[in-house]
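Heads up, the next two complexes both have subunit A, just with different partners, subunit B and then subunit C.
Entry: the complex of A and B
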């Protein structure tokens, strides 16, 4: 008995299957879908577009870019960010050249220099003068090896910082209000900065719900409004503050809460 | 009256009928002994039970002598001849529910280690008699940790006609405090996140006062 003669439809199906197998597309698409499910972004199409964009350029990219792409997959508030941190740490800790006989080339682990480069990439959108204080606190020296816990902490702080800078910017524009130009009353800014300081001070280390409520209570609109009102009636001169100074002071207050690495 | 606390789970020994020697006669007297959990002394608020043909009840309490210097305990009469059935030969009150408050007792039932209920039923009509579903409720202790935090009580008192400060501020041309407050509270969340994610592992730096200068290292 010879082979059963295949119908044209079956032949075509086989052709398609061979094509897919040859180009290895199914596994890549499956990977993409898995990542999509893991990260559950608000805009799935945009996420997929960025993912495939990164795939096509990944042959030429170096370690830092790959790790950065992994970390960008989801926002730091999502649960899947923690998984991505683990994957990113593994990718960043790969030895430079596993087959080399030189000891410095084939040891796995995240060195301080790679870590510093990674931080710089994450903070690339923030002006350099603003993130100097942050790097003082969470930077690592070139010779130090970075364990996972420290990596997790510093990367989370970085992304939190990026969000913080954005929020400060929008607060400043609200404070400018209807005034033209990018300046606002110095006293108003001072009041806002000092109320943030008070709130952060009342946020104790024990993370009890009571202390969080207390801190939020300090920042309620009525309290802000009463301090602004009482200040308005007493001031005489009108000094202004520009965005840079405002941002610097807010950042100083915020970074004082960040633990220095030991 | 505040709601009853859940009753203490005590060990209740079954009713023991008194007799003399080995002769079987109905003495008309029974004893129920009640022990408290963990043998610690209790302040009694209320005792509730269901009668089952008992005519009269006396209660003896074992008071711990912790107040005075003496060790040991004494048996004190808490209740003397409390009538449960007005006519022992008849049915009235034979199956009623009773609640005894601490005010009914002759002596304050504080620091009680054990209780003895002495049941009397002089009528020959009822050969067996007992008390059922005996529950002892202890006095509620005030919870000291339930106080409100100070800042919660310091809310400003505005009269109905006065405007809220944030509306007043808006009228005077000040920036929108609700928006600012909202964003500040988001910043608070971010700060909270940094505190929460603090690392548990140290890098192992050997810095002295923030710098790592070999020349500063001492020999000791």
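Entry: the complex of A and C
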């Protein structure tokens, strides 16, 4: 039909399109949607809110924060966590200053110091005394370079550990029951702790699905209930255990199973 | 946008986006952003978008929006119902009775183009399609409103099923002092009225309703069949509005929707709570 002058609506549309492109909104939204589809979080609105929050502060953020954000996108049990691990590793391995003439500054790779800082960030919500033993096992020296396998193992362990700590906390409150104080019968706690220990000890080193199932069988509710009930009969010395000690013991059982890398 | 999803995911990208109405919210976010930047020169885009999605997550996003948006997703509808309750619940504690027009004005305070038609349909549920200029209590109105508004598509499907049954029932014995003879060919107005008052057979109604509701899209919300069946099984015959009133009073359905407290807890909380909230 030949060239026609654009109608006012089309002009407006084009104006808006240009504005969105110029201000990077288009590319940001596209990135956000891609991440959303990849991770499929249970609450997409919260995910998007956090994503755009991170974008607006990302100019000031450093490598550690960016990597941490990537790792937080999805729960460690999800398939997409594996993809995020790869992306995070690449981001963490970026050379500090690619244009620098100093050889040490432009070599890519994940250094031990960055790695340690990252672990500390992940574990920041866990009290220091609780995660110290974990770090002893999986930390590394500042000068060492960290390969991807080690990175994947340690990061996953950290996230599982964070979940484990939360779980222990809620177990303890269940054991406390209606008691107002933060202490509970020491014997009950000991039973729980030793059940966990037995289950983990029975785990063969090959980590086959069979042995994992067998270990989980040891922890089944009715067995735990029967061992707790059998204790109820003896009411001799009622010593108590507080939350810190309980947590410490549970965590010790957990960390005893972690490979020592240092 | 519908690329292949990575292995192990529960649903395809298109399903995931459709289930959560993501594209609708993203489009609305961008239109809001463009409107906002026209009036305010200084705008941090990332922060604006973050605030928008956070308000959707919290449920405060439907306040003062247009009806088309409020109606657009189940989440929006349930948040709107919640806002109606939290904004006007003091009416419940004062025990005032209001008319259709007054409820409509109240709703228009929160959504200025809210249609009167929806409010009238709600009134029909509360008043059982009778004496529609009667006054209604806030509690009755709110629970009926929830059914009418949140399950709008389901209510329409239900009506379709019911009308279909009314027209199809061939032999209905009309008990009356005058003897009317029933013929299949001619149905008089009085018989229709009688049929309307008596309703239709509950089991048949349930079966037809199941079929009609099966035609609704998988993402359209509807009450679970088990609760509908439990209401229908209480009486051998039921009218359309009788069923809807029963559904509005059913606590299980209310809990499914999750916007309003259970019937007994409705009037909990003194005026002090409301002011402090």
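Operating definition for what follows: the second predicted complex is superposed on the first by the 255 of 262 C-alpha atoms of A that agree within 3 Å, B and C clash if a C-alpha of one lies under 4 Å from a C-alpha of the other, contacts with A are read in each partner's own complex, and residues count from 1 in each chain.
Keep this in mind: contacts are C-beta pairs under 8 Å (C-beta built on N, C-alpha and C of every residue); 3 or more make two chains touch, one makes a residue touch a chain.
None of the values given here were measured: they were computed from a predicted structure.
By the touch criterion stated above, A:160 is placed in contact with subunit B alone, subunit C being left untouched. Of the two partner chains placed by superposition, only subunit C is touched by A:43; subunit B is not. By the touch criterion stated above, A:142 is placed in contact with neither subunit B nor subunit C.
By the touch criterion stated above, A:86 is placed in contact with neither subunit B nor subunit C.
One of subunit B and subunit C touches more residues of subunit A, and that partner is B.
By the document's definition of touching, of the two partners only subunit B reaches A:216; subunit C does not.
By the touch criterion defined above, A:16 lies against subunit C but remains apart from subunit B after alignment on the C-alpha atoms of chain A. When the two structures are aligned on the shared chain, A:29 is found in touch with subunit C, with no touch to subunit B.
On the subunit B side of its complex with subunit A, the touching residues are 149, 151-152, 156, 164-166, 168-169, 172-181, 183-188, 190-203, 205. Against subunit C, in their complex, subunit A makes its touches with residues 16, 19-20, 23-25, 28-29, 33, 36-38, 40, 43-46, 48-53, 55-56, 79-80, 83.
Those residues of subunit C lying in contact with subunit A across their complex are 1, 3, 5-11, 13, 16-17, 20, 22, 25-26, 30, 33-34, 37, 44-47, 49-51, 53-54, 56-57.
Within the complex formed with subunit B, the subunit A residues making contact are 76, 140, 144, 146-150, 152-153, 156-157, 160, 163-164, 167-168, 170-171, 174-178, 184, 188, 192, 195-196, 199-200, 203, 205, 207, 210, 212, 214-217, 219-226, 228-229, 232, 254, 257-259, 261-262.
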